[in-house]
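Each of the next two complexes has chain A plus one more chain, namely chain B in the first and chain C in the second.
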Partner chain A sequence: MIERIIIHRFRGIRQGHIDRLRKVNLFIGPNNSGKTALLELLYLSATCGRPAIFIREDLLPDETGTLPARTALAHDFSGHPPFQRLRQRHGKRGEWKDNPATLTRERGIAVRLDMLKNDVRGPDAPWAEFRLEPPLPEWGEKDIYAFEQTDLSQIALFSLPQPKALDVSMIPATFAEAGIQPGDADWHYLWEPDWVYRWNLQHPLDRLAVWTTHGSKPDPARVLFYDTIAASSHLTTSFAQWAYNTVADWHEDIANCMAQIFPSLKEATIEVADAPDNQPGRTGYVRFRGQTPLGIDQFGDGARQAFKLIAHFVALAATVDESHPGMVLWEEPEVFQNPATLGRLLDVVVHLLKDKPIQVFITTQSLEVIAHLTRMLQRDILPPEQTLAFRLNLRDGVLRSSWFNRNNLTSWLESGRDPRVLEDIDAPLQFQLREEVHEDSSLYGG
Partner chain B sequence: MKIQVFTEGKTEEKVIKKLKQFFPGRTFETIDCKGKNNINSRIDDELGPDIGQQPVRALILRDKDPGETIKRIIQSVNNRLGGILNQRGISTSLQFQRVAGVWNVFVWNAASVDFRLAIHIASRRALSTLTKSTIDDLVLRLAFDPNVATILAQRQNVNVNGQVIIQKVTQEIPALLQQNGFPPLSEAKDYARLYAAVTRMHTSPPVFAGKVLASANTHLVQQNFASIIAAIEALQ
Partner chain C sequence: MIQSLTIHHFRGIREGVIKNLRAINVLIGPNNSGKSALLELLYLGGLSRRTCQLITETIEPPVHAATTLVARDFLSYAPTERLRRRHGYAVRETDFFLIDLDKEQLREYP
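Let's look at the complex of A and B:
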């Protein structure tokens, strides 16, 4: 489980850290406070699962010149290439054509940091170039980790898992001041300029976004990033095929969950099949006995969103174990959902993920989500010792966070204070924690 | 900036509402902790997420029960605050200082995290026979002012001089009770209820407090609650 993150120049965050991360983490706070940035950072680091060897010629023969590394998997849990996906989230083409990287003779990648676009070129640096070489295959085995030409536009990040030592040029000053030792954490380096905090360049390392993650990371192949784009896209064919072949009763479990969220679907079965109109990907079809199946995309946005979410969560919950822990990054569960549906959706998700080795990070702007999870904490449905909400605050590039445990959340909600906001706002309505939005007797013991 | 006021009960809310007039532009949020034993945990719950993140100003209004000492009350808050700060990863030295010229108000000022907390410990009894020092004592002291008593009686359409009401409430009725074998009244709240009954208010001590405060002039309020006003000023 990731317990701590320390950040140097990632997106709008010039520096910052977040501690005390738990199994279930809720990120709240104003707009532009770093909530989504943290999800993306976690996603990028957690999907680094492709082995490589980091080499800096200028440091050799020192041991810091060659270190075991990881870079992005070709596809995440839901079948998307991680870096491409995030670029598209930010309105860009998936491929990064300007990556100053070339293939090496050994089928590795050589990256010229000194060739990065001007807008983030920092002071002259000794660290101008490095390579990521594939590990040598065993005799007779296929060279599965060798890089391809297509990787050059898809890889902009590498991780160094708990390196024994690091050259001082690779350690941000703030990390050194905080006393972070190389072996304490996994170190992540991202060199695409648009992901790097771009103001006040002072040190050579300011050309890169660097962060450390402390604690154990999930299985990179079991990292699910469920964002608003996933909600409006079809399932990828690779994910749907894998889930169908791997997860026993996948369709039935989806149907059961959907019936709990939408009682009108109680008699329906659900199948996942090709998307309509020869589009790539798969989607869900709802079938009532004796009737023609209806594509899930014919339903309202709430049902479409819930279906895609549940299809992924059911598959993830069924395929994690202690050796292959998972991670869920869930952006704004409230999108498209009526409060009653939202409550049932959260109940179902907590049912699915409870007792599973899955670390969950949720961002939300919704007081209903906060209130519902608080109620689950009050009733020990969510374990209080494994759950915290974090209010994030990003000012002048410095990320700060404060945490709320069960008592803090209860106290604030009951006294009518809003944990999402930092200043008093002129809210049009006074809220209060409602005792009953709905009741799920199976959850609350009668 | 808002001042969060942690109280043992509801009477304090009426007092703070009245004292607001001396602090124009300031907002106050009163948090009824429902007893002294809950104050420390409510401070943790309410203030914990804000400390170190944004300016925090808080005031604790404590009664002093028999056997309690000011030192022990301060020590208890001090220990809990230390725990909160430690838990939140904030390292700063913690020391309450007595506010100059006010012996029952203490303030803690952590400039590094922009956090000030004052504690006001009620330390005056309305009558020498009472066993505790409470916020109700301060209200009662005000109600024992003859002018306030007269205005209260008039507002309740009780055609009796204020001095007479005070005489009945503080001496004649308690003496009558004692003569008939009832134990002596020991708390300010008892006298507040008695006072309310005599003046036909039919109400609880907090509402009684509100009516008393509404019947007192500004100068008298300022004088009577000078130590609480000093505690709020120490948070500025």
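Let's look at the complex of A and C:
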């Protein structure tokens, strides 16, 4: 389980950290407070699971010049290439054509940081070049981790899992000041400029987004990012095929969940089959006895959203175990849902994920979501010791958070104040433990 | 201004009537209660501005004044293509019937 994240220059976040992450985490906060950025950062961290060897020729190999590394998987749980998906979310092409990377003779990737499109006002890159080489295959095995041409327009990130040591050129000053040791964390380096906080470039490392995650990561192949775009796209064929072959009673479980959320579907069966019009991907078809099946995309947006969500969540819940823990990143559960439906949807999802080794991160703007989850905490349906809500605040590029447990949330809601719209995080709130807030801000001197 | 609608077999609506529509109308209701269906119906109705003739072989009189969809909506999307995509369908070649808007002078921006 990821317990802590420290961030240097990722998207709108110049610096920041978030501590005390639990099994279930709820991110709330104003627009542009970094909720979605955190989900994306967690997504990139968790899908960074393809083994490689990080090599810097300018350092001694036995010290910090050669380290075990990871980079982005080719496909995430739902069958999408992670970087392609995130770039498209932000209105970009899925491929990064200007990646200053080439294939090496050993089928690795050589990245020229000094060839990054240079901002004249910024300092030079922190180091000129590095390579990610595939690990040597076992004798007789296929070289499955060798890089290919298509990887060059995708991969822009590597991580160093708990390195024994790190060269000083790789540690942002704020991390050193906070006393973070290399071996404490997984270190992530992202070199695509679109993802790096862009103002005020002062130090060479400011040209990269760098962050650490503390604690243990999920199985990279079991990371589900359910964003607001997923409802209107079809399931990928690779995911649907895998789920159908792997999950016993996948269709039946989906139908059961859907019937709990939408009582009118009680008598219906659900199948996942090819999308209409020979399109790539698959989608759901609802069949009532004696009638022709109806595509789920013909239903209202709420039902479509719920179906696609449930199809993924059922498959994830059925395929995690202690040695293959999962992660769910769920953006705005309230989208398209009537409050009554939303409550049932949350009930079904919590029931699916409860008691499973799955760490859950939810962003929301909805008071109904907060209130419903608080009620579940009060009834111990959600374990209070494993659940926290975080109110994020991003000001001048500094991400801060305050956290709220069952008691805080209860008094919050009972006080009749709307936790989402409080303007100033520094104002002492009656129910907030001051020393905790102080401790949370102490890393960067408050 | 559209004041009322009578609907027969549109998407999930077998039949229905909605009256008293005003300048500003807010549709609320549970999931699958027809909110988006009504929007789509109004969208199609509002874009049905291209004059044509409906020819019927069996009904007298055989020629009726009619309108059908314009090629592009305000945001320059093709209406049926847009709705079909919304519902997870591909766009078929038969959906395209391109009309030169300038010639037809149908694009009436306010």
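In this section, the second predicted complex is superposed on the first by the 415 of 446 C-alpha atoms of A that agree within 3 Å, B and C clash if a C-alpha of one lies under 4 Å from a C-alpha of the other, contacts with A are read in each partner's own complex, and residues count from 1 in each chain.
Here is the rule we go by: a contact is a pair of C-beta atoms (placed from the backbone, for glycine too) under 8 Å apart; a residue touches a chain by one contact, two chains touch by 3 or more.
What you are looking at is a predicted structure, and each value in this text was computed from that prediction instead of being measured.
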Chain B versus chain C as contact partner of A:W403, first or second or both or neither: first
Which superposed partner A:W412 touches (first chain B, second chain C, both, neither): first
Chain B versus chain C as contact partner of A:P204, first or second or both or neither: neither
First, second, both or neither for A:F336, with chain B first and chain C second: second
Partner chain in contact with A:D19 - chain B first, chain C second, else both or neither: first
Contacts of A:T283 with chain B and chain C, given as first, second, both or neither: second
Contacts of A:P293 with chain B and chain C, given as first, second, both or neither: neither
Broader residue contact with chain A after superposition on the shared chain, chain B or chain C: C
Footprint overlap on chain A, comparing chain B with chain C: none
Residues on chain C engaged by chain A in the complex (per definition of touch): 11-12, 29-37, 86-90, 92
Contact footprint of chain A on chain B as seen in their complex: 2, 27, 29, 31, 41-42, 44-46, 48-54, 88-89
Partner chain B, residues of chain A touching it in the complex: 19, 391, 393, 400, 402-404, 407-408, 410-412, 415, 417, 419, 422-424
Chain C-facing residues of chain A, complex: 232, 234, 262, 264, 275-279, 283, 295, 297-304, 336-338, 340-341
